[in-house]
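Before anything else, here is the set of structures, which you'll find just below.
Each of the next two complexes has chain A plus one other chain: chain B in the first, chain C in the second.
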Partner chain A sequence: MDAKNLKVVNKPVIKMDALGLACGEPAFTDDVEFKGLLTGKILWSPHAHARIKKIDVSAALKVPGVKAVLTYKDLPRVPHTTAGQGYPEPSPYDSYTLDNKVRFVGDRVAAVAAETPEAAKEALSKIKVEYELLPAVFDTFEAMKDGAPVIHDEEDSKNIPDAKHNIAAKFDFEVKNGEWFKEADFVFEHSWSIPYLQHCAIEPHITIAHFDNTGRLVLRTSTQVPFHVRRIVAQALKIPVKKIRVVKPRIGGGFGSKQEVLLEDITAALALKTGRPVKLEYTRKETFISSRTRHPAVCRMKAGVKKDGTITDAEMEITLNTGAYGSHALTVMMCSGSHTIPMYRVKNNIRFIGRSVYTNLPVAGAYRGYGATQGFFAWECLMDMMAAKIGMDPVEFRKMNYIKLGEGSPVFKAMGEGREGVEQVITSTGLFEAIQKGSDEIKWTEKKLKYAAQSGPIRRGVGVACMMQGSGIPEVDMASATMKMNEDGSFNLLVGAADLGTGSDTILAQIAAEVLGIKTDDIIVTSSDTDITPFDVGAYASSTTFISGGAVKKTAEKVRDMILEVGAKILDQKKEDLRLEDGKVVAKDGASCSLSEVANTSLYYYNQHQITASASHFAHTSPPPFQANFAEVEVDTETGQVKILDYVSCVDCGTAINPQLAEGQNDGAVLNGISHTLSEAMEFSSNGTPLNASFRRYKIFSAADTPPVRTFIIPSWEPAGPFGAKSVSEIGINGPLPAVANAIYNACGVWLFEAPFTPDKVLKAIQKGKNKGL
Partner chain B sequence: MPEMIVKPATLKELWKILPALPPARRYLAGGTDIVVACNGGCESSECWMDISDIPELKTIKETASSLFLGAAVKISDLERSAAVRKWCPALIAAIPYYASPSLRNMATLGGNAGNGSPCADGVCALVAEGASVLLELKGKKRRLPLKDLFLGPKKTALKKDELILGFEVPKRARLGAYQKLSARPYFCISKAAVAVTLEISGGVIKRAGIALGSVAPVPLYAAKTAAWLAGKKLSAVTAAAAAGIVKAEAAPITDARSEADYRREMCGVLLERALVSLVPLAGR
Partner chain C sequence: MKQLENTFKLACLVNGKRTELEIDSSRSLLDLIREDLGLKGTKEGCGEGECGACMVLVDGRAVNSCLMMAVQVHGKEMVTIEGIKGKDGGLHPLQKTFIAEGAVQCGFCTPGLIIASEALLRRNPKATLEEIKLELTGNLCRCTGYEKVLSAVEKARGKK
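And then the complex of A and B:
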């Protein structure tokens, strides 16, 4: 199968909200005005680890305009997780809306609602807190030692595997086929590390809580997971689900940080306390410190290879820093192995050792790539080391070993997300073509040859990395959709899927339009309002195209069937002889009637009924998209500065439902990864205070810094996906770290193990290499 | 924001209204430092004196021996000026590294100097050009070598209310170069920067001006290295030797942007590169 005969799918349809957003139409959470809106603000902990001995809010309450001050004494104590995941969440229940203990600099202490931001700020300054300072721990390996400060010493938290050793999640797994490394000619072992990284979505976290005319709580919020927000807020504040409505407006980026119930609980608590609408919006500084980050990681990998290129054994031990709370602690850790180890065939033994560890630092959570970024940095660099040792071209070495069509991996079954995974084999792959295309575009062979003999301080090199991701979480993620037909032959499409700027409203409309033989203009999409749209787990795990798209396709097919039923009556033909085309029901003999005639007939004339249908979708597999990435770099061996000259990313995402949006997503993911590679890192003082919590000090690549990034979509056809589609949103972020590291090695013969590759670090590595005689 | 922003039309008017203004007051030129500082809660004057439209401060003027650059001239206007192109080669080389195009449309050299940052690209280049700074306080003028304006991080020799009128750059034919290292390619404060000017005759350096950015408490005039270069033939060998000398002259610290040892090392690399880049131009 291929996408050749498709009319709407696989076409660059214009993103349906693009014009409105470009013109500044009110669309985002904060674009709507509410009468009597209060400002919510949070008092943050100045200490990395402390118990609140006394908290006095009397002076704060006297500040004119202050309507409420909340501390842990005012709220039910409900252990829960802020991770917006399927229920029951696989993350430990270790968070409280407000607690009597603070666990990092930037943890919640108290919350205020006031008539003005100024009054709210003044009230914060008047809350008197007496802390009992506790010893803090910032390093994961220190935190796991006997006698380390116990960050979660409370008795009521749940599902923490080893609170005494600060272990928020752990998993060990082994496939054993004989003695470890017995067959290997060469064995390698190294550790790679990634620091604290921020999502940097342009829209900060924001929630407005207000009440409808029946007194129900409405949360208008910038979220990727509206249905999980409803459930978790109900749980944390002990109010019934039916009393809460969650509305997701347009979102200014999330990248995983909004797969989190971050502000909704406390904003709701303030609204409930005051009976007034309350807005809580993070500043950029708060976004850096008190939202979520990527899990910093140390990933040790040990692998064996034979001279002929067979990988004999592979062991991955990953230690993630989950910060003060274990949001996504288990699942990110699992994905660091489950999305990466199966990439290459390992002949004999496989082992995975995973630990997510609490420290008194900001809280890690979901972030595009979700563990695979950490894992592939190690795995893909190790691949190049092995290739170099056995004298094989890194591209050929990968071609020999990557997982092929029809092949599976024991890892798929063993490592799920919170429960056992599913057995699966690869049912679509364009990786071979992706590697070929990438090699051609970067001129791999030619440049390898050219760069083999260089002199002078400026050295160039090329590097490759391959990767995969998933398409949703198999047998966990579920999405649903509802469609109804209007008189003019247009349709309402109601989906729980959460478009966070990704364009999912558009691609879901394309899928429905393809089934119904119409244009996307004739589909009105409403997404993510828990009162109106059917359930969807939300936008995460690269699931929307694959899972939500599957639900929309099924729904549209049901609607098509109902339309044909009516069309058959109108045209007096057999239903089997009819099809939908260009907004009409068309018969084999050429007779036709318009969709508006069908709608009017069903609504007003004959066997009156609303043409409408709903369908749900979940999947038994998670077909991985594949990528081959190629980087060409220039290394200044005197300053350590690395410049990316060219970056080619070839993506197999099955059928790209909208190639332009898919390219855009991938360009963004790659640039995000490049920024991780060359400049981003959160820094902390010795007492755990963040030092660079602003765009002034934390450098993400701006438009002017962006090197040439070239995305090529390599079509394949995934039988389990809607019109052959797989996911595309996350995978691209995993490439730059290893591809650039490998290119640096090609340029100047040194390996980098610690992201980001700043000039200081690169120069040190080069000088170390020189001392060793490289 | 301050409670009051005044905008005198002339210098005369400024000195006239000054005594009546609230005591906590500062000058506002392009606003690219002061407004950001204010938004970040680090600036709490009661009054800003907007001098961005005072005619004397907005001119670029040539005299027989020097070029005057008004303190309130926008960086992008300097970039477009033929006279600046001719007489300020290091400054011209530095401008592409100066913040971003949009900030260059706002920012001024006067603000760049008055801010007193050791990282200021424009100031570093001007120090290498051998510029003087012209100051005025209530009609009383004085002149300082620009390098002497800076006393420490964010500390200058400016007296209270003393205003930077502009800079005088000697009109002597010279070559100039600017080299900068930062965390990302553009729009970034430097880890280290080097500005160089060379007056050359017959392949021999007659006079050199070298300034280092971000490697000392002030934009540092590398006097020893400059003196050593005088009389030497401009060549790769000279450049390498100068690199060794300049490393001893820098006084970098470790901070969020870089480590001291790395910065010191980079002064050498950047100077060598700046000098080598001028070798092919020396014969012309």
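And then the complex of A and C:
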């Protein structure tokens, strides 16, 4: 199968919300005004680890305009996770809406609601807190030692595997087919590390809680997971699900940070306390400190290789820093192995050792790439080390070993997300073509040769990395959709899927339009309102195109069937002889009727009924998209400055439902990865206070910093996906760290093990290399 | 109650319309735009002049409205994204190319990007790619990787 005969899918249809957004229409959470809206603010902990001995809010309550001050004394104590995941969540239940203990600088202490932001701020300053300071721990390896401060010493938290050693999640797995490294000619072992990284969605986290005319709580919120928000707020505040409605307006980017119940519980609590609408919005500084981050990681890998290029053994030991709470602690850790180890065939033995460890630092969570970013940095650099040792071209070495069509991996079954994984084999791949295209575009062979003979302080190099990801979580993620037909032949498409700026509303409309033989203009999409749209787990795990798209396709097929039924009556033909084309029901003999005629006939005339259908979809497999990335860099060996001259990213996402939007997804993911590679890292003082919590000090790439990023879509056809589609959103972020590290090695013969590759680190590595006579 | 001496009678042109209102003299320009004028297209992304989501044109120059006091636009002409129009009153060429090129992803930074690009193209209608990149340094976008944004601005050059 291929995408040749498709009319709407695989076409660059204009994103349906682009017009409004380009004109500044009020589309986001904060763009609607509420009468009597109070401002919510949170008092943050100034200490990394402390118990609240006394908290006095009497002076705060006296500030004119203050309507509520909440502390842990005012709320039910319900251990839960803030991770917006399928129920029961695999993350430990170690969080409380408000607690009598603080576990990092930036943890919640109290919350206020007031008539004005000024009054709210003044109230915060008047809350008197007496803390009992506790020893803090900031390093994961220290935190696991006997006698380390125990961050979760409370008795009522749940599913923490080893609270005494601050272990929030652990998993070990081994496939043993013989003696370890026995067959290997060479064995390599190194550790790669990634620091605290921030999502930096340009819209800060925001929630507005208000009430409808029956007194139900409405949460208008910037979220990727409306249905999980509803469930977790109900759980944390002990109110029935039926009393809550969650509305997701347009979202100003998320990248995983909004797969989290971050503000909704406390905003709801303030609204319930005051009976007034309340808005709580993070400042940029708060977004850095008190939202979520990528899990910092140390990934040790050890692998063996034979002279002929066979990889004999591979061991990955990853230690993730989950910060003060274990949001996504287990699942990110699992994905760091499950999305990476299967990339290459390992002949004999495979081992994975994973730990997610609490520290008194900001809370890590979901972040585009979701562990695979951490894992691939190690695996793909190790691949180049092995290739260098056996004298094989890194591209050829990868071609020889990557997972091929029809092949599986024991890792797929062993490593799921909170439960066992699923057995699967690769059912679509364009990786070979992706590698070829990327090699051609970067001029791999030619440049390899050219850069082998360089002298002088400025050196150039090329590097490669291959990656995979998943498409949804198999047998966990579920999505559903509803369609109904209107008199003019247009359709409402209601989906739980959460478009957070990705364009999912548009691509889901394309899928429905393709089935129904219409244009996307005739589909009105409503997404993510828990009162109106059917369930969807939300926008994460690269699931929307594959899982939600599957639900939309099934729904549209049911609707098509109902349309043909009515069309058969109108045209007096057999249903089997009819098809939908260009907004009409068309018979084999050329007779036709319009969709509007069908709708009116069904609504007003024949067997009166609304043409409408719903369908749900989940999957038994998670077909990986694949990528080959190529970087060309220039290293100033005297200053350590690394410049990316060219970056080529070849993406196999099956059928790109909308090639323009798929390219956009990848461009953004790649640049985020490049920014991780060369610039980004959160820094902390010795007492755990973040030092660079602003765009001024935490530098993300701007337009002027941006190297040419060239995305190429390499088509394949995934039989399990809607119209052959797989996922595209996350995978691209995993490439730059290893591709650039490998290019730097090619340029000047040194390896970098610690992100980001700032001039000081590059220079140090070069100096170390020189001492070794490189 | 607000003290009278803190109020200021502001008069300016907003999107071509003469606007007069009494404001607190300590009000930021961004609060004036979003709250007093109800123009929600201008966004706050950082509140410290780093991200450019709050950009508006003041006398043709792109400024971060979060860093300016409202009183600073007294007697001046201000254009927000709602006032960005083509010569025919329809879509502005930048809006057209941003939409057509796929430069709008989440759209939160889009108004600021369009404002900054408009300021540049008014000043320098033949701006090169390098000049465009430099001009947009003050507008952070985490979705697009800037690729499609830059091609949108390039394609809008010379169009009215």
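To be clear about the criterion, the second predicted complex is superposed on the first by the 774 of 774 C-alpha atoms of A that agree within 3 Å, B and C clash if a C-alpha of one lies under 4 Å from a C-alpha of the other, contacts with A are read in each partner's own complex, and residues count from 1 in each chain.
The rule is short, and it goes like this: contacts are C-beta pairs under 8 Å (C-beta built on N, C-alpha and C of every residue); 3 or more make two chains touch, one makes a residue touch a chain.
Since we're looking at a predicted model, the values are computed, not measured.
When both complexes are superposed on chain A, chain B and chain C fit side by side without a clash.
In the superposed model, A:Glu25 makes contact with chain C only, not with chain B. After overlaying the two complexes on the shared chain, residue contacts for A:Gly252 are found with chain C alone; chain B is out of touch.
By the touch criterion defined above, A:Asn692 reaches chain B but does not reach chain C. In the superposed pair of complexes, A:Ser702 makes contact with chain B and with chain C alike. On the chain A superposition, the C-alpha centres give an angle at chain A of 40° between chain B and chain C, rounded to a multiple of 10. Chain A is touched at more residues by one of its partners, and among chain B and chain C that partner is C.
With both structures placed on the common chain, the touch criterion links A:Asp760 to chain B but leaves chain C unconnected. In the superposed model, A:Ser679 makes contact with chain B only, not with chain C.
When the shared chain is aligned, chain B comes close enough to touch A:Thr639, but chain C does not. Once the two complexes are laid over each other on the shared chain, residue contacts for A:Thr502 go to chain C alone; chain B is not touched. Nowhere in the superposition do the C-alpha atoms of chain B and chain C come closer than 5 Å. Shared interface residues of chain A (contacting chain B in one complex, chain C in the other): 694, 696, 702, 704.
Residues 36, 40, 100, 181, 183-188, 191, 256, 258-259, 262, 265-266, 269-270 of chain B are the ones touching chain A in the complex.
Residues 12, 14-15, 17-28, 30-31, 33, 199-204, 250-253, 255, 283-284, 500-503, 660-661, 663-664, 667-672, 694-696, 700, 702-704, 706, 709, 711 of chain A touch chain C in their complex. If you check the complex, the residues on chain A that touch chain B are 638-641, 643, 678-679, 683, 691-692, 694, 696-697, 699, 701-702, 704-705, 758-760, 763.
Looking at the complex, you find that chain C touches chain A at residues 38-48, 50-51, 53, 80-82, 84, 91, 95, 98-100, 102, 104-111, 114, 132-134, 136-150.
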